[in-house]
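We call the chains A, B, C and D, going by the order they appear; numbering starts again at 1 in every chain.
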Amino acid sequence: MDKMPAWADAVLVPLISILLAAFLSALVILAIGENPVEAFKLMVDGALMRSTGWGYTLYYTTNFIFTGLCVAVAFHAKMFNIGGEGQAMIGGLGVALACLFIPFPHWSVALIVATLAAAAFGAAWAFIPAWLQAKRGSHIVITTIMFNFIAAALLNYVLVNLLRPVGAMEPATANFPAATHLPTFQDMFASEGNPLFRGSPANVTFFLAVAACVAFWVLIWRTKLGYEIRAFGHSESAARYAGISPVRITVIAMLISGGLAGMMALNTTMGEAERLVLNATEGAGFIGIAVALMGRSHPVGVFLAALLFGFLYQGGAELALWTNIPRELITVIQALVILFTGALDNMVRLPLEKLFLATRRRSS
Amino acid sequence: DPALIYDLGGKFDKSFNEAAYNGAEMFAKETGGSYKDIELQSEAQREQALRRFAEAGFNPVVTTGFSMSSPIASVAADYPDTKFVTIDGFVDPAEHPNVLSILFSEHEGSYLVGMLAAMASKSGTVGFVGGMDIPLIRKFACGYAQGAKAVNPDMKVISNMTGTTPAAWNDPVKGSELTKAQISQGADVVFAAAGGTGLGVLQTAADEGILSVGVDSNQNYLHPGKVLTSMLKRVDVAVSEAMTAGTELETGVQVLGLAENGVGYALDENNAELITDEMKTAVDAAREKIVAGEIEVHDYSADDSCPALNF
Amino acid sequence: MNDTPAIELKGISKAFGPVQANKDISIRVMPGTIHGIIGENGAGKSTLMSILYGFYKADAGEIWVNGSHKDITDSQAAISAGIGMVFQHFKLVQNFTVLENIILGAEDGPMLRPSLARARGVLKQLAEEYELSVDPDELVENLSVGHQQRVEILKALYRQADILILDEPTGVLTPAEADHLFRILDHLRAEGKTVILITHKLREIMEITDTVSVMRRGEMTATVKTAETSPEQLAELMVGRKVLLRVDKTPAQPGEVLLDVQNLRHVDDAGVERLKGVSLQLRAGEVLGIAGVAGNGQSELLEVLGGYADASGAVTMKGVSLPLSGAGADGSARRKAGIGHVPEDRQEEGLIMPYTAWENTVFGYHRDPHYQSGMLMNNARIKEEAQDKMTRYDVRPPNPNLAARNFSGGNQQKIVLAREIERDPDVLLIGQPTRGVDIGAIEFIHQEIIRLRDKGKAILLVSVELDEIFSLSDRIAVMFDGQIMGERMPGETDQTELGLLMAGVTERPEGKLIDAVDASLKEKEAREARQHD
Amino acid sequence: MDYATLLQVLDSTVRLATPLLLACLAGLFSERAGIVDIGLEGKMLAAAFFSAAIAAITGSVWLGLLAGIAAALVMSGIHGLASITFRGNQLISGVAINFLASGITVLIAQDWFSQGGRTPSLMGGGRFESITLPFAEALRGVPIIGPLYYELISGHSILVYVAFLMVPLTWWILFRTRFGLRLRAVGEAPEAVDTAGVSVVGLRFAAIAICGLLTGLAGAYLATGLQAGFVREMTAGRGYIALAALIFAKWRPWYALYACLLFGLLQAVALRYQNIDLGGFIIPVQVMDALPYILTVVILAGFVGKAIPPRAGGEPYVKER
């Protein structure tokens, strides 16, 4: 018998946690002398009330779905992959190499190859920490953090010294050839009379992200590999008993995780910038942690949480655009969301459990 | 009204973006006009801010930082009636007639402060602390080294970059350590072209009793009597002029060098005692020669190489 | 005789979430007695004692000590009321020395040095008085379980406990060590101290206690004078029906050798050699029981044979040699070779606790193509078969969608047994089949094991319960310190002989048994300590 | 490399190692008590900001120091609330603290000073000045020893000496006092501490309070000792390096000193020798920059052997499920 119905655990607890975070955020906004209600209105207006706003919201959402799934798959194997950031950076390198050096006939072919490249590069970057964890017991939290720093240095070296077009100022690659440009929502949905999603960066990778959610669900709950990953995550000793190799699962889970992080780069690099810039990831790897936590490592949850963070990002951008609220406010809100949904969720759960138990006792 | 978009470094970086801000304020004060500005928070926002401002009717839309050039290139055609300005960036005027690219000849200004540094140096060694290692900063360093060596071919120029990530713009601790390292290698004048990191450089130079050279804005006031001079990059003037011109702004490409007073060195009451007449004469002479084309200062970004310095 | 109870509990209730572990429990324990508490697993014995010791807080009820009401909110309060407790799972800091463990929480002042010095003296005294000698400077992790238990008792005595609670103290002891412990308890009783003893072994209850209380499903069902009761009556009070305390079986009909193990050696992660050349043969149609005190290599033997610990030596199954390390040495390869395995620890190994029962019924066999449909797992088929197995093994409740952690220990064990036995393996490895299982379920499990044997399968049974070994085995091998000390036929040996073998003593000693056992254990500890360096 | 240069590099090492050392010891107290803390970075950052901000406002570095410590203590309190009181995930709480510090510092800085998330530069009494130890001037001329004493040992800010004194002090507290015994025990086996009648929660809060104090010192040193003011993200990953050093040091105080000195040395060398030229092959600056991180991985992979963390680390102490 469980203490609380599953729906309460999956919906009610995160919901209350988010409300608490929102309440504290409102206090912060008040403290810096702005009006929280106005701010919230601005955010909603900018992020959800116009198709362009949605175009941005979904663009960020796409990033967070990938990094959220990245963290979630590692969570299922009981690993904490803080390296999504670095894996996404290196994934971007894979995308850039594919787009720059392979003459593609059509964007669809380019997308397939670039996806493979992104996943392969991201996975490769996750491999060393995974292998070290599996074989040498090196703490994966620390090694993946280190690999974020190393990825930044590597990407910098590559961009500055190898891929930057001669004479260009910016540490970025040349623009990708037109054949690799992905259709944006504007290309897909706008018509002459109805300029939907004008100029917004959301593009086909969003659908790829949704597909990744579905694939994730199938993998984790419908295949024997998923069965083994979850089993390993719940109990390493039991996994060993069942003949599930800890080394194999650790490495495979991290490869999938890194691959998903790498795929995030498709959205930023191929879909939006159409070239590889230095800070294409912009902390999305870290946001993925919050997304996975809030989403309870379930693809539906990850999707919803990614949407929430996409809203926060786009709404926050609008906020910064039209008010004097510094952009760091969004960082603070994120921190509060992570704190309440991730670390302090017992604060909400324990009283709720008591409540449910009490009502159940009374009714029985 | 005009609008201004700062680069990721942020509005108050005490150098580049702050100069743009000062320019906008200058415009507001002189003309009584008002303007809108925003600090970016992410890459995707670049295009977003451009579009939102253009749609809201702001004109011209002024942007700082070379990273804005490609977003402008992709946005400009959608808003033919809006004029865009990219400072430090370059957008092909043939393709986008409504864009003004403003470029500075930082190497020329750096050349002058390099000379001043060399003349002020007693040890025969001067230092350079760059922010993030990108071509633009190498351009500064290269001009600086050329200037220093023009004074004395045996001049030793130590050059360090703070880092390889954007965090390098904001690591005064590292700037400070680099300065100390350069001091121990004999440097007694240090030029910081490093954004927020430069504050650490200037601070340490002041603490350790050597001279420093500021960048972009006039930073002489930060440590009066201890900052030899600042390499001015008149972003403020450029911004102010663009805003004042308003919708009448002439587009195309502007290269602002010594001749256009786009770059230069700062002389005010804070460093008056540090710059002797002799030094001033020499530098001003060099300035004339550069303007006249008699001295050619090599531009690192032209061919990614520097005759006076190894990176 | 003083008739103020040393301990009186009134109306104690305690719930863990939805589980009502203690329900309105009242009990009186008289001073200067040994009071036994028995009950099935999960009856709430440990919970009750933990409440008395201030480890858990009761939802309702009162605690009276020596006639006065005590508000025991934490262990500090219990300690100052003169209560000491030796938990089922020891509460020791493994990488502290004995001395450090003793003074922890009972230091004399803010500096350690004087406390350690005083404790050393007191410890020496206690050791002499109660025959409880341990090396004060040894790290606890280097001590045998028996000696760790001594440290726990010393901890209580150091805090001058008058009332000592022992929660299943003999589960980890050799028979000789258990005898020794009982002599200590006798001694304590003679000094006027009060002892509360929780145990599953009715024999022990009959042997040493003055009074015994029986618990069932969180309630106190009876308290009787030991002299006025019998094991049969106690068993019935515990389970609520008549229980067969013996196993009915016919003599074994051993067939061909199925599993042949030669000179097996295994070194654990810490570099300690856990198996030191084990050889044995297992025939079709027999149960080979491995007796031994926990920690003498039986677990490792099962792990190696089960395929998830590397070893050297040779193992052949029906004449085919099995790899002992590297590729092919894993659980699924062993299962393919026809070796099933009921692990010692169902919660840590045999089951994935958050998985549903149906998911658990294929754990280890989930790669079998039978359970796949294309790329995916055939969950419908798995569920269907799970339902069937659960009904036939009388798993309660027979709901395959419940998570494993929601079943009681005995029912969890049945799920594991159902899974392993239904695969019809030629060889079944079984570790501690009835640990933490109530008497009723024990009956069922024992029958299943014998049924499998009678089908001509070979069974390797590892158990620390000598009674179980005796009643199930057709042959008994005793393990000590990574070696097989000897093999006996159940009819030709007795508990004393096996007990000595379990302590590594191969010949019946002249003097006191416990001294021989102690000497043998000391030698083993010294060996291990040497290996650690 | 001549002697003077060597001294310079070592001098720089000491300065760079100091914040690492303070943070590392902070982590040591926390993790020895069973609370994993990847929020060291955030605590330092918060402390750096508040120490600089209050020093800038009041002109007193000591008030600044107190404010920095208070800020780090508040962060510790949040961590404690999440991971001790509500038994949440310690890693997640740490991540949240890092985000929180990174946002809130700039937000408040902007609100108070309007200098783009920076504090004003600290002047005079707003900073920790370097201390010249007795006889430093007098001994300066003595060969070898003189410069060593003058350059390397003398001439640091008070917090540097505090940091180095913290090493033996930490050792003494951990291994010679009752508090230390209990602290170590609660990180190994909280149930043993609990049943011995000592409060697990109390001990753990005490440990993270010490952690807050030390990260407070570390942050204050960054902003008011090493630098003259706060800039956004000025900790620049030092909290993570401190964590790596802690693992490298196997959670022991003296080893922590050596590990931090090693990382400090690496940074000092990387700062001083960029683009090392190995006979024609130039090691790019990015390699030097990444070197401390690469080395950390290498060390974790091989040289520390298996670093066995405190056994109860990372897990909340749950009695009743």
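To be clear about the criterion, a residue touches a chain if its C-beta (ideal position, glycine included) is under 8 Å from a C-beta of that chain, and two chains touch if they have at least 3 such contacts.
Each chain and its UniProt protein: A, D = ABC transporter permease; C = ABC transporter ATP-binding protein.
Note that this is a predicted model, so its numbers are computed, not measured.
J.: Hop distance check: subunit A (ABC transporter permease) to subunit C, minimum number of steps through touching chains?
T.: When the steps are counted carefully, the minimum from subunit A (ABC transporter permease) to subunit C is 1.
J.: Please flag the chain sitting at the greatest distance from subunit C, going by CA centroids.
T.: Following the centroid criterion, the farthest chain would be B.
J.: List the centre-to-centre spacing of subunit A (ABC transporter permease) and subunit D (ABC transporter permease) in whole Å, with centres computed as mean CA coordinates.
T.: 30
J.: Can you give the whole-Å distance between the Cα centres of subunit B and subunit C?
T.: 75
J.: From the mean C-alpha coordinate of subunit A (ABC transporter permease) to that of subunit B, what's the distance rounded to whole Å?
T.: 36
J.: Go ahead and note the Å separation of the Cα centroids belonging to subunit C and subunit D (ABC transporter permease).
T.: 46
J.: What are the residues of subunit C that contact at least two other chains?
T.: 17
J.: Going by the touch rule set out above, which residues of subunit A (ABC transporter permease) reach two or more other chains?
T.: Counting only residues that touch two or more other chains, subunit A (ABC transporter permease) contributes 153, 156-157, 160, 326, 330.
J.: Among the residues of subunit D (ABC transporter permease), which ones contact at least 2 other chains?
T.: 117, 237, 286, 289 - these are the residues of subunit D (ABC transporter permease) that touch more than one other chain.
J.: For each chain, which other chains does it touch, given as pairs?
T.: Once each pair is checked, the touching ones are A-B, A-C, A-D, B-D, C-D.
J.: Going by the contact rule at the top, pick out the subunit C residues touching subunit D (ABC transporter permease) in the complex.
T.: Answer in residue numbers: 16-17, 53-56, 74-79, 85, 87, 91-96, 100-101, 103-107, 109-113, 115, 155.
J.: Subunit A (ABC transporter permease) touches which residues of subunit D (ABC transporter permease) in the complex?
T.: Touching subunit A (ABC transporter permease) from subunit D (ABC transporter permease) are residues 38, 78, 81-83, 86-93, 95-97, 99-100, 102-104, 106-108, 110-111, 117, 237, 240, 243-244, 247, 284, 286-287, 289-290, 293-294, 296-297, 300-302, 306.
J.: Which stretch or stretches of subunit D (ABC transporter permease) touch subunit B in the complex?
T.: Subunit D (ABC transporter permease) residues touching subunit B: 4-5, 8-9, 11-12, 15-16, 114-118, 121, 222, 226-229, 231-234, 236-237, 267-268, 271-272, 274-275, 285-286, 289.
J.: Using the touch definition up top, name the residues of subunit B that touch subunit A (ABC transporter permease) in the complex.
T.: Per the stated touch rule, the residues are 8, 38-45, 47-49, 51-52, 66-67, 70, 75, 78, 88-89, 132-136, 164-166, 301-304.
J.: How about subunit A (ABC transporter permease): which of its residues touch subunit B in the complex?
T.: Interface residues on the subunit A (ABC transporter permease) side: 52, 56, 59-60, 152-153, 156-157, 160, 164, 166-172, 175, 198-201, 268, 272-273, 275, 277-280, 282, 313, 316-317, 320-321, 326-327, 330.
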